[in-house]
Amino acid sequence: MFHHSSKLQYEVRVDTPDPVFAKYLQQAIGGVEGEIRVAMQYFFQAMGARGDKRFRDMLMMTATEELSHIEFLGHAVALNLEKAPLDAQEAGAADSVVGAIMGGMNPRHVLSSGLSAMPVNANGVPFDMSHIYATGNIGADMLANAMAESSGRVLASRLYNMTDDAGMKDMLSFLIARDTMHQQQWLAAIEELGGIEKCMPVPNSTPEEHEAMKHSYYFLNTSLDEETPQGVWTNGGPSMDGRGTYTARDKAEPEGQVPDLGKAREKSAAQTEQM
Amino acid sequence: MFHHSSKLQYEVRVDTPDPVFAKYLQQAIGGVEGEIRVAMQYFFQAMGARGDKRFRDMLMMTATEELSHIEFLGHAVALNLEKAPLDAQEAGAADSVVGAIMGGMNPRHVLSSGLSAMPVNANGVPFDMSHIYATGNIGADMLANAMAESSGRVLASRLYNMTDDAGMKDMLSFLIARDTMHQQQWLAAIEELGGIEKCMPVPNSTPEEHEAMKHSYYFLNTSLDEETPQGVWTNGGPSMDGRGTYTARDKAEPEGQVPDLGKAREKSAAQTEQM
Amino acid sequence: MFHHSSKLQYEVRVDTPDPVFAKYLQQAIGGVEGEIRVAMQYFFQAMGARGDKRFRDMLMMTATEELSHIEFLGHAVALNLEKAPLDAQEAGAADSVVGAIMGGMNPRHVLSSGLSAMPVNANGVPFDMSHIYATGNIGADMLANAMAESSGRVLASRLYNMTDDAGMKDMLSFLIARDTMHQQQWLAAIEELGGIEKCMPVPNSTPEEHEAMKHSYYFLNTSLDEETPQGVWTNGGPSMDGRGTYTARDKAEPEGQVPDLGKAREKSAAQTEQM
Amino acid sequence: MFHHSSKLQYEVRVDTPDPVFAKYLQQAIGGVEGEIRVAMQYFFQAMGARGDKRFRDMLMMTATEELSHIEFLGHAVALNLEKAPLDAQEAGAADSVVGAIMGGMNPRHVLSSGLSAMPVNANGVPFDMSHIYATGNIGADMLANAMAESSGRVLASRLYNMTDDAGMKDMLSFLIARDTMHQQQWLAAIEELGGIEKCMPVPNSTPEEHEAMKHSYYFLNTSLDEETPQGVWTNGGPSMDGRGTYTARDKAEPEGQVPDLGKAREKSAAQTEQM
Amino acid sequence: MFHHSSKLQYEVRVDTPDPVFAKYLQQAIGGVEGEIRVAMQYFFQAMGARGDKRFRDMLMMTATEELSHIEFLGHAVALNLEKAPLDAQEAGAADSVVGAIMGGMNPRHVLSSGLSAMPVNANGVPFDMSHIYATGNIGADMLANAMAESSGRVLASRLYNMTDDAGMKDMLSFLIARDTMHQQQWLAAIEELGGIEKCMPVPNSTPEEHEAMKHSYYFLNTSLDEETPQGVWTNGGPSMDGRGTYTARDKAEPEGQVPDLGKAREKSAAQTEQM
Amino acid sequence: MFHHSSKLQYEVRVDTPDPVFAKYLQQAIGGVEGEIRVAMQYFFQAMGARGDKRFRDMLMMTATEELSHIEFLGHAVALNLEKAPLDAQEAGAADSVVGAIMGGMNPRHVLSSGLSAMPVNANGVPFDMSHIYATGNIGADMLANAMAESSGRVLASRLYNMTDDAGMKDMLSFLIARDTMHQQQWLAAIEELGGIEKCMPVPNSTPEEHEAMKHSYYFLNTSLDEETPQGVWTNGGPSMDGRGTYTARDKAEPEGQVPDLGKAREKSAAQTEQM
């Protein structure tokens, strides 16, 4: 069950409200790299977690933290919109064919939300929940989470660069820090599960007889004119899961048939010529 | 530039066509764990790759392989639909109020595609390209790829279990194998970049002064009644990026203000009572 | 800031797991009538609330409650999936061309989530955040909330009827009750704002000179062969906002011009014949 | 059956074409507050209406009116695009790195529609029909309609403010007026059904034994540090549906169990450690 | 401006209500081949039509007809749902683990719409307006319309086959007929514009100097092992637009460079190794 | 099976990088008129092709070519972003409240992709695969393809006009040329199938007894005040499919009943007043 306290997790200050930066900040709320995504992803993973209870607890606790991130980011968006234009004069349309602010901000920050945050990204595209990855496999989920926090920290770093506002920089430095820990903690969970080697390949419960193992450890070069790029993945050393040896097939050859569906069936509403 | 040869990458055989399994297989084509996703993800990552050319090459080569996976899976779906009902009698509707096949298959496999594969998932929801994660950061991208292949191998393992068809099991054992290698190769790329420690935190180019480092290494317990789950993430040892020490805050306290937006502005079309 | 406690808001019990009912229950999580919607709607309204602080508090408190509803519903879905088929035999496919369960359940409850809840509706369509209505106008928002709870209680009532499981009926009776209160409380907020009359028309801050008042109080009959339906809306009595008198126009006549865009401009890539 | 006459419902005039305002106007066509939404919502509600025929008639008549609103708004968008730039010079790109118009307008107004209206919102996001709320419950539907018209009138009021164009202001004043009546008429329908009290709680046909009535009339304070906001919803008076008494629970306590899904099943493709 | 008359364009009769067929029928309402699509496509094309007024008129008149098609199809869906199960007993869940109807119908036909039509396809995916193709080029639009009616008639033919209900077959035979005419009329419009040759290539207003004409008339064989398929497109005869000669390049060779983006820029939040 | 070679199909050069034009170019990658669409459409059509093998081959070969178009367009987008602003100073925010570039470019070109192409359109809306039209009917598919290439060439022509960059104009002139051939080749395929007359109406395999032929050849005038537009479609001549004669009904009269669903069923959660 959830509870709320009235203060924000972190202080939010905007020195110079900027409605275009408000549009950019939305990516951290409703973008695929944003906070709704991680909050809901950890929440759904927690609800589906089976096995070691510690992972369920971590997931639910951090889901709860991410809800608090949405909250202070939402406040930051609203503060950036404080002085956004509400009429044509304010938009500067009187001075030019169109004012740069009216063109550059998200129109729906005026039209739809009345100067507050929305669950959309920087293009105004609403977040959709297909991005909640929760597989029921703790290894896949932890990788998904480390990835989500990586893209989140990339985003926060870029936002940090795109603003001159000291208040915004301070808030973003907090987000960058928390994204660091969240990357670290999900990878630490993999350590606790025995580390990458033991977790791999995900799922590690698939019986080997379900796998055509002769195809499991070669890098396939599908290029007609490029050499196979050399690296750990081709060096003849042991694979990271300890089950095989990295090799390469320098030339990709088809092993299957020429597909042929024959003629169309009657009543399939194909053209007569196909039948 | 792309080229094509007429044979499939892998032989596809369906012993007993099953239109309901065709619906399930769609998840491997148009699901978020499926082949369109990885093909397009690696393709867009390759197009945006900067730095060491080997990673660009790997990405483009494996993107090309994944296109071939779409192709043989598409053939597998069509073969499973070979005998799908095209009229009410075939659907068994004559025998009962509604036939289980007509209700259980994807209706659009008859109505829209005429017995062939579609770029949709097992619910018939079309794949949408927001799932193409390509950040321009090679570390985040490689994690995203390892994750995608993990969820892909989870999916292929589940599909393997859900069918009795020997041909389908054979094809899925190949997919399971290739997903193994693809997990391994993306993690090998991280090794080549110095390993998890050196890559972390992603992005590793963010200056430390952009980060509120005092918040970077504690696990935050946001629960009111649960102990902090103990593990690598709280054990006082070095963090995985080697920059800090794992600790915990056993009780989460807000550090920010009570947010307050004050009154609504004139012309904002709020209610008069808000102004 | 948010917090969590380990127990569910309400006890969840499933006597007879039913994977098809799990599919139906998803509507209460990820449907437009469901709990993600209200949780996020109240949360975003709270973050954008201006004026009387009591409404902001109500919104945040009930948002928090709705998060708890997602949580126990998610548990209910997982419990209904406890015995869902994981292989072809369990699915009954051995006995018939296709088993009714394998066809009738959401395939992604096996393939994608591994027997747990997803943020999707009963068709497997992911919830998308465009359904979060938060206008910045407290009157419009309260109506939106009363509406959301109405559709939510309609849904819960239908789910109650569709199951025979005593545990599920108990849980749904709780949801029906809370939806009652939530309807009541949002309408009570409108009372507190002076009632429907004072709040109307929303927004009540629009100056009358922005409105073509002669068009504000007639019902327009656009039918060619039906009488104007008679009722409060046509009875010559005072309108609900107290500003006008309900009347009707029994025949709809256009008052505008025949639209004509003339010829296409050069460089518009129209056909030459249009230019 | 539908018919059409050649003139617009209302005169449309644009004195100074403005391609950025064209982008804003799109919200009134393809936004969730816009005319496609209400046209289709009333149309689908009408098609599903059961019971008193007057409501079906109202719905179909007003659906038809809303189609006419789409039509004149579509003309208004096209007129605002009359002089939109079709080449780099017109866009002003010759004078600066990028012209404000080329950056501020919807690119697809040039690229995709050739200077005419599209069924998209002000962000260029296409309208999707999930926003058509039609529940089969006349009470829920009428609330949904009053809400839709409220958000519509908020939008029209904001658009009115955002333009200086006299023609556009005139057209918007008509929309504001019609949105007034539409709000009034749907609320009048609720009056005709006995008023809010008799309609509540929606659905009013749910038997009381399906409802855990002891949970139906308390406001739940889920905050850890805020007092329960006081108002009609907590004042001990009768609830709006006349069935109960408004109270509050000042502290939210969980009543359910700690959820626990145990171990993962074999064949579920979880990690071995979860099993 | 639109008007409505109370009767349906065509008589609708359902002899044996079938909730699974109701799900299938939805494709004709909310599918990409369905009636919402053509109604809205013609409507938006009409609103953007420039040049010969006859095309605008045709578009608006047929848009209006398609609205009437939505209407009678919506009635057909509701009639097919007349006896759909509203509780577990009716669904047959008492007799088996899960009833085939409860699994095979669209759950939202009970849960969300209360036994009436929805603006969704046969998978329950809502129609989205991105499918409204309206380019401002009358040639492209007429082809889009002929295509839409072709896929529509394919759909109606398949639905005709999938039902045994005489009433439904009668209604569908009307739809098949109207789709015939609509195909014919849009192609007739192309005739009126001078026929395919004169219209081609679309847009026929693009100056030849904007086109690298040497690449305009060869078929490109991108296969490594297949002969170029021979036909009109390779036969050395005149192209359909009369401007060139059909030829083939039997082997596809790249003409461009190896793409190389060099190193990542500072502040781009790439990994340090990329910089 | 697919293969790749390292060079682009066509040389890409950008003389003056322009991040706003990068946003526009995205329409040619991820727009409905763009290259992902045609690549995937031809690919899925090929996988479902039945009958004459030449069409399958054409489809697969051109699908492969379109993948190469995505590739060089992706490079063009990245080159246009080479100097896009990565911090507030570069964005010009120091000079004005907001810089025109920061407002006019796609924010996600900085925030999400790190200065490279994305699978989105010019509004930043991700491509979704519902736009892949592949019906299993070769006639409908070829029309769909001719249409797609028509809208594609309209788009390329408009982009050509919107830039002054010689490199971009050169690349677009190649796209215009290839779109010419692709239009020509799909129409040539229809010629090979016997031409429009023989292919019509699509599907030409629908038995005439499934069609209410008396409704197959009249244009329906649904206007109340407009004359029937005269043209080939009304001229009494033979229809294009050779089966009928073009006529018109100058006045549209309903032929169906007044729809009436009666009362709502018990347990449908309608309002009591509807029952």
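First chain written, first letter: the chains are A, B, C, D, E and F, and each begins at residue 1.
The rule we apply is simple: contacts are C-beta pairs under 8 Å (C-beta built on N, C-alpha and C of every residue); 3 or more make two chains touch, one makes a residue touch a chain.
Just so we're on the same page, UniProt names per chain: A, B, C, D, E, F = Mn-containing catalase.
Just so you know, these numbers come straight off a predicted model, no measurement behind them.
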item	value
Selected interface, A-B versus C-F, where C-beta contact pairs are more numerous	A-B
Fraction-based call for chain E (Mn-containing catalase) against chain C (Mn-containing catalase), same above half, different below	different
Of all other chains, the one whose Cα centre sits farthest from chain A (Mn-containing catalase)	E
Cα superposition of chain A (Mn-containing catalase) on its sequence copy chain F (Mn-containing catalase) - rotation in ° rounded to nearest 5	120
Option in C-D, A-F or B-D whose residue-number contact pairs overlap A-D by over half	A-F
For chain B (Mn-containing catalase) paired with chain F (Mn-containing catalase), centre-to-centre distance based on mean C-alpha positions, whole Å	26
Centre distance in Å when chain A (Mn-containing catalase) and chain E (Mn-containing catalase) are each reduced to the mean of their C-alpha atoms	32
CA centroid of chain E (Mn-containing catalase) to CA centroid of chain F (Mn-containing catalase), Å	10
Of all residues in chain B (Mn-containing catalase), the ones touching two or more other chains	1-9, 32-33, 47-48, 53, 60-61, 64-65, 68, 71, 75, 78, 86-87, 100, 103-104, 112, 114-116, 120, 123-126, 128, 130, 135-137, 139, 154, 157-158, 161, 202-203, 205-206, 222-224, 226, 252, 254, 256, 259, 261, 264, 266-270
Touch-based graph of the chains, sorted into line, ring, star, complete or other	complete
Residues of chain D (Mn-containing catalase) defined as touching chain A (Mn-containing catalase) within the complex	18-21, 23-24, 27, 31-33, 100-101, 103-105, 121-125, 154-155, 158-159, 161-164, 222-226, 252, 254, 256, 259-264, 266, 268-275
Touching residues on chain A (Mn-containing catalase), where the partner in the complex is chain D (Mn-containing catalase)	1-7, 47-53, 85-89, 91, 93-94, 96-100, 102-104, 106-108, 110-112, 114, 120, 123-126, 136-139, 193-194, 199, 202-206
Chain B (Mn-containing catalase) contact footprint on chain D (Mn-containing catalase) (complex, rising order)	154, 157-158, 161, 267-269
Touching residues on chain E (Mn-containing catalase), where the partner in the complex is chain D (Mn-containing catalase)	1-5, 7-9, 30, 36, 40, 43-44, 47-48, 60-61, 63-65, 67-68, 70-71, 74-75, 78, 112-120, 126-130, 132, 134-137
In the complex, chain F (Mn-containing catalase) residues that touch chain E (Mn-containing catalase)	3, 5-12, 32-33, 53-55, 57-58, 60-62, 64-65, 68, 71-72, 75, 78, 86-87, 114-116, 125, 128, 130-131, 133, 135-137, 139-140, 143-144, 146-147, 150-151, 153-154, 157, 160, 169-170, 172-174, 176-181, 183-185, 187-189, 191-192, 196, 200-203, 205-206, 210-224, 226, 229-233, 239-241, 244, 246, 252, 254-259, 261, 264-270
